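Look for subunit A in each of the two complexes below; its partner is subunit B in the first and subunit C in the second.
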Partner chain A sequence: MQENLLELIILIPFASVAVQYFLHRVLPARLAGLIACGAVLVPFLLTVVVGRGIGSAAPQVPAVTATIASWLTGGGLEVAFGLRLDPLSCAWTLVVTGIGFLIHVYSLGYMHHDPGFKRFFIYMNLFIGSMLALVLGDSLPLLFLGWEGVGLCSYLLIGFWFEDMDNARAGQKAFVVNRIGDLGFLLAMLMIFQTFGTLDIATVTSSLSAGHAQGLYPLGDGRITLIALLLFVGACGKSAQLPLFVWLPDAMAGPTPVSALIHAATMVTAGIYMVARFSVFFALAPVASAVVAIVGALTAFVSATIALRQRDIKKVLAYSTCSQLGYMFLGLGVGAYGAAVFHVVTHAFFKALLFLGAGSVIHALSHEQNAMKMGGLKPHLPRTHWTFFVGCFALAGIFPFAGFFSKDKILGEALLGHGWLFPLVGVLGLITALMTAFYTFRLYRLVFTGPERLDDHARAHLHESPATMTLPLVILALLSIVGGALSLPAFAHFDLLGDYLRPIFASALAVAGEHAHHAVNVEVALMLVSLAVVIGGAWWAWNRFAEGPGDQLPLPQSGLPFLLENKWFVDEIYAIFVIGPMRGTALLAGFFDRYVIDGIVNGLARLCDLCGAFVRLLQNGAVHTYALLFLAGAVYLVCSLL
Partner chain B sequence: MGALDLNSFGILSLITFLPLLGALVVAFLPRENPKVLRAAALLFGLANLGLSLLIVNAAGTMVFVERLNWIPAFGVCYGMAVDGISMPLVILSCLVVPIIVATTFHVGSGLKEYLVLLLIMETGMVGVFCATDIILFYVFFELTLVPLYFLIGMFGGVNRIYAAFKFFLFTAFGSLPMLVAILFLLYQHHQTTGFWSASIADLRSLQLDAATQNWVFAGFALAFAIKVPLWPLHTWLPDAHVQAPTGGSIVLAAIMLKLGTYGFLRIAMPLAPQAAHTFATPVLVLAAISVIYGAYLAWAQDDLKKLVACSSVSHMGFVMVGLFALEPLAVRGAMLQMLNHGVSTGALFFLVGCAYERRHKRGLDDYGGLVKVSPALGIALVITSLSSIGLPGLNGFVGELLILLGAFKTQPVFAILCASGVLLGAIYMLQMVRRVCYGTPNCEEAARLSDMSVAEKFAFAPLVILMFWIGLAPGFLLERIGPAVDSILAALGNT
Partner chain C sequence: MITVVDYYVVASILFAIGALGFLLRKNVLVMFMSVELMLNSANLVLVASAKSFDLARGSAFALVSVAVAAAEVGVGLAIIIALFRLKATVDAEEITNLRG
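Then we have the complex of A and B:
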């Protein structure tokens, strides 16, 4: 029974895609949209039902499993379309389908006038299905199928308005950069198969723990470290970490609900999921974990600096997403697995909220996205305003909003960690928190308060969005307020999510050693420090941008603002040092093929031709030539005989 | 084999020679009525496809064996049989012919010759995969060459004579050493056992010393490497593809290139097992170069057909890496990837042909906004491109993954090199898709292209179905390919 329901969770979105695709001529748009929404809501409810029954199979990780069909067989390989719902995948599935449903409903309003309405919902459902395959798949190839499937949907949805070549280009960039990461994932998969002889994730992780217990894979084992690092390369691509983060800001070319669902709440957290799923590998590879922590902290920091000076409302949020994902990796890197997953959940709430709020603003302003041309929208968009305001508090991490608890858990574990690395990345995270609060309230001020700076086009249809759009905002705002209750600080002894996830990370924490519990006063002191930092940043921005952008309006020509406004010129560096040489190699190959290889081929042919021409001279049919040759031969013979 | 004893009536001979009969019939039909000509060719093609499905259960051992004396003095027989390796290739050969018939609506006065050549081609293709006698194999192998030469030379583009000539010379150049190797083997068999035989199975039991094996292998390898084509013997392929008519390109991509990889697996490796190990590294080097070089080459192209042709070089290099990893999973993957390449690249040429007939231009920048202008054509092109770059869920991924998983065990360096080819594939394919399918039409003509016709949709549908079927349920094929691959590998001295 549970097995069948589990199968339904993933089959329903795909079935819905098929129905919408094959009946797209006869289905009225409204009905198609409702089917699409239902195809996300039902899996959510089913996950709640099935997820309730998985909590009791200790000491193994509790899980419900199901096999839909066999896939790859023979030659020592056995991979099926097998599903596995355990606490980790259950948490993710609830986020994906729950937030996904709200965003589907929102899209009913947002995409209402779009000629591609039906196509949009087909892609969205396909995305949900692929994301569920990624999360629920019990084997590496199935995870990879979902991984690539969400990448495909991202590609299709970034380029949704493909008539504009820039959108199509952004989609292609996202796909290709992701593929660089996927190469890492693929190589990790090859190494895992070679090492463990199977691709079943549960078997791989449990045989790694067992092997470690028998002394087979000691702490810091080179092979395991390499696998962990390759996995992390894959995670970097999908979750937009340095240096592969360049695709995510461009991905904002897609419709805003897509940015909310795929490029903020769900798909980009796939890398976190993967690292969390293979946490044992990382626990056994301190070097890899350190790399994860450093890359995460640097991404958090660098993206936040860029967000400080962006003008496009969606670009600010996009860089903020990179930055927040960096926090999550920072958490994974310092071994705070539960806290990282907690931040995934709260981030999904408030970042989806902020993106949808931004979408509501953009919708109201007839597709104006430049925050410099907004301002004073508070009275025009009341519901959008207060929900967005809530989102800002959550993102900045101000007590008691959701972001405060999750971010603080990560920073706390980092700052109080042993050695010099953990506190270092913790401090980096703290500085990032300051910048986060600053750019968040800068954005809020630029958009909603101060003098109105709208142009006529934007003012023409200024209106609050319909209920299909504002209702999801309200729900997400409520979640952003109370979401922190899922996992309160350790001294409160109430950690719903942490307790739920404990069996998942038990073996990783057993390897790395359980984190020491800190004294209550230390934790509280730390919280107060981070709260002070965040409120300081928020207050600073609040005052600085009270009257609009001020001196930030003209484009900077030099110095740090110039670098920040131009995103540290990362894209340009890529163009010169990566794309240029590769493109050059391609042209060189074309040249080499045409002139060298074919030159030799044609040269040989011409040589044969010339030989033929030469011999033809001898066979010219003129008797006197033959006679002359005959004479020459005779003379030669006579001479040689003498 | 069910109630009907298929062995008794020579099903393989029927599948092989029915098209030849079809060619004869078409040749005697009046050329004034293209509909009748096409209908007849289609009828024979479909009938043969139906018949070919009867062999679908061939797996680990040779079945439907036929054996007749042909040149008894030299032990040459007419021997036919199929196993799990040849079965899918036979069926694929039978599938592409009716599909190609649907692309002939633009062929003008020469339609009759076109169809006759196509049907003769089918006889050669099916025969070569069924032959169990090496002389018969050679005859069919060469038989495929002639109709394709004429298809390119008569129906090709502006530069068709150069291309046809280059194609013919390259292949003929490779065939001669192969013939020498074959004759040498026959002679050797007579020397060691005292009687003549040209049966591949008999020749496999020869115990040749290492040096001799190397020579034999080299003789075959040249012929097959040209067909694959392996770098640096590939330059005939882009020219042949660009100049060939759509049907010729499809046959070339879907079947002809597989003669090379099939030859390696069926003939060269089993007949010179030790040499297969000796030559593995150099072949892998060339194959890896093909993968990466072909991908870069494809990236440099501005011509749709040339781009697809260069991508073939890359993909076939992938197949070669799978074969010469000499590992059960990798060889399974290679076998599957042969089919995948046939389906996907055949489909790409089909679609490029459709576009070309409408636009009469092949440049990547001669289109734009195709998904908007001709939705069916555009979407088909997007799906096929995704299948070609190995998107999981579609066919290409399964083959690539098996090759990589297997090859990584025995030849990790080459597996890693190949994997990087996967990345390059995404680059050149997606930029092709972007330039052709997205954006806005680049000119008036590009904005007025008609969409796929019903006939074209019907012809294309099987290919899309195959992409999904192999991608999602490859078990059916793997169960049949697997045992056959294992038995060949067992003879090579590793399991």
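Then we have the complex of A and C:
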């Protein structure tokens, strides 16, 4: 029974894609949209039902499993379309389908006038299906299939308005950058198969911890470290971490609901999911964990600096997403797996809220995205305004909003950790928290308060968004307010999410050693410090941008603001040092192909032609010549026989 | 006394005449006759050998050869007539349609 329901969770979105695709001529747009929304809502409800039934069968990880069909069989390899709902995938499935449903409903309003309305919902449902395959798949190949599926949907939706070449190019960029990460993931998968002889995730992780107990894989084992690092390369691509984060800001070229769903709440957290899923590998590889923590902290820091000076409302949020993902990796790197997952959940609430709010603003202003040309929208967009305001508090991490609890858990684990690394990344995180509060409230001030700076085009249709758009905003705002209650600080002894996820991370924490519980006053003191930092940053921005952008309006020409405004010139550096040499190599290879390879082939043909021209002289059509040659041949034969 | 070798000599001379005729003459009809001459020189060898070694098999070969030659002459002459109709000449040096 539960197995069948589990299968339905993933089959419904795909069935909906098929229905919408094959009937797109006859389905009215409104009905197609409703089908798409239903195909996300029903899996959400089913997940609630099945997830409640996950028994807590300690010491094993509680899970419901189902096998839809066999897939790859041959040699020692046996991979099926197998599903596995355990606490970790359940948490993700609920976020994906729950937030996904709200965003689908929102899209009904947002995409209302778009000629590609039906196409949009097909892609969106395909995305939900792929994402569910990613989190529910019980084997690495199925995870990878979902991983590529969401990448494809991301590409399709970034380039949704592909008539504009820039959008198509942004989609391409996302796809190519992701591909670099995928190579790491693929290599990790091959190494896992080589090491463990299976691709079943549960078997791999349990045999790793069992092998460790028998002394087979000691702490810091080279092979395990390499696998962990390769997995992290994959995660870097998908989750937009430091060397590979450049695609995410460009991904904002897609429709805003897509930015909210794929590029903020769900798909980009796939890397976090993967690292959390293979947490045992990282626990056994301190070097890899350190890399994860450092990359996460640096990404959080660098992206936050860029967000300080962005003008595009969606770009600010995009860099903020990179930054928050960096926090999550920071958490994973310091062994705060539960806290990282908690931050994924709360971030999904408030970042989806902020993106949808931004979408509502953009919708109201007839597709104006430049925050410098907004201002004073508070009376015009009352519901968008207060929900966005809530989202800002949550993102900045101000008590008692959701972001405060999750961010503080990560920072606490980092700052109070042992060794030199943990406090270092913790301090970086704290500085990032300051900048987060600053850019969040800068954005709020620029958009909603101060003097109106709209141009005539934007003012023409200024209106509050319809209920299909504001209702999801309200729900997400409520979640952003109370979401922190899922996992309160340790001294409160109320940790719903942490208790739920404990069996998943038990083996990883057993290897790395459970984090020591700190004294209540230390934790409280830390909270007060981070709260003071955050409120300080928020207050600073609040006052500085009270009257609009002020001195930030003209484009800076030099100094740090110039660097930040131009995103540290990362894209330009890539253009020179990566894309340039790549183009050069391609040019060289093209030359080699055209003139050397083709030259050899054509040369051979010409040689044959030449030989033919010579031999052709013999064939002059005169019978006498042939007869003479024939006779000569015959004489020669006879002579040689004699 | 005429021995089998004499027959061989005659046959060789006939073959040489035929070969030279085929190589040197230009008229297709004459060339065709030269081919026949070479063929019959071979027949002469067959028959003479059969008589000399007292083997009927040789004569049988010659008989088959003559029969085939008759058919071949029919086809050959037909081709020459068709060729003449096409080119209005029987000069072999002017018929070089198969030049590569």
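Definition applied: the second predicted complex is superposed on the first by the 595 of 642 C-alpha atoms of A that agree within 3 Å, B and C clash if a C-alpha of one lies under 4 Å from a C-alpha of the other, contacts with A are read in each partner's own complex, and residues count from 1 in each chain.
The rule we apply is simple: a contact is a pair of C-beta atoms (placed from the backbone, for glycine too) under 8 Å apart; a residue touches a chain by one contact, two chains touch by 3 or more.
Treat the numbers as computed from the prediction; the structure is a model and nothing was measured.
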Task: Give one of first, second, both or neither to describe whether A:Pro141 is in contact with subunit B, with subunit C, with both, or with none.
output: first
Task: Could you say whether A:Glu547 touches subunit B, subunit C, both of them, or neither, answering first, second, both or neither?
output: neither
Message: Looking at A:Val623 after the superposition, I want to know if it touches subunit B, subunit C, both of them or none. Which is it: first, second, both, neither?
response: second
- request: Applying the touch criterion given at the start, work out whether A:Leu631 contacts subunit B, subunit C, both or neither, answering first, second, both or neither.
  value: second
Task: State whether subunit B or subunit C is in contact with more residues of subunit A in the superposed arrangement.
output: B
Message: Quick check on the complex: what are the subunit C residues that touch subunit A?
response: 19, 22-23, 31, 92-93, 95-100
Message: Under the stated contact criterion, what part of subunit B meets subunit A in this complex?
response: 166, 169, 232, 235, 293, 296-297, 299-301, 328-329, 332, 369, 371-372, 386, 391-393, 397-398, 401-402, 404-406, 408-409, 412, 415-416, 419-420, 422-423, 426-428, 430-431, 434, 437-440, 472-475, 478-479, 482, 485-486
- request: Report the residues of subunit A in contact with subunit C in the complex, numbered from low to high.
  value: 616, 618-624, 627-628, 631
- prompt: For subunit A, which residues are in contact with subunit B within the complex?
  reply: 69-77, 141, 144-145, 147-149, 152, 155, 159, 162-165, 168-169, 171-172, 175-176, 179-180, 182-183, 186-187, 189-191, 193-194, 582-583, 585-590, 593, 597-598, 601, 605
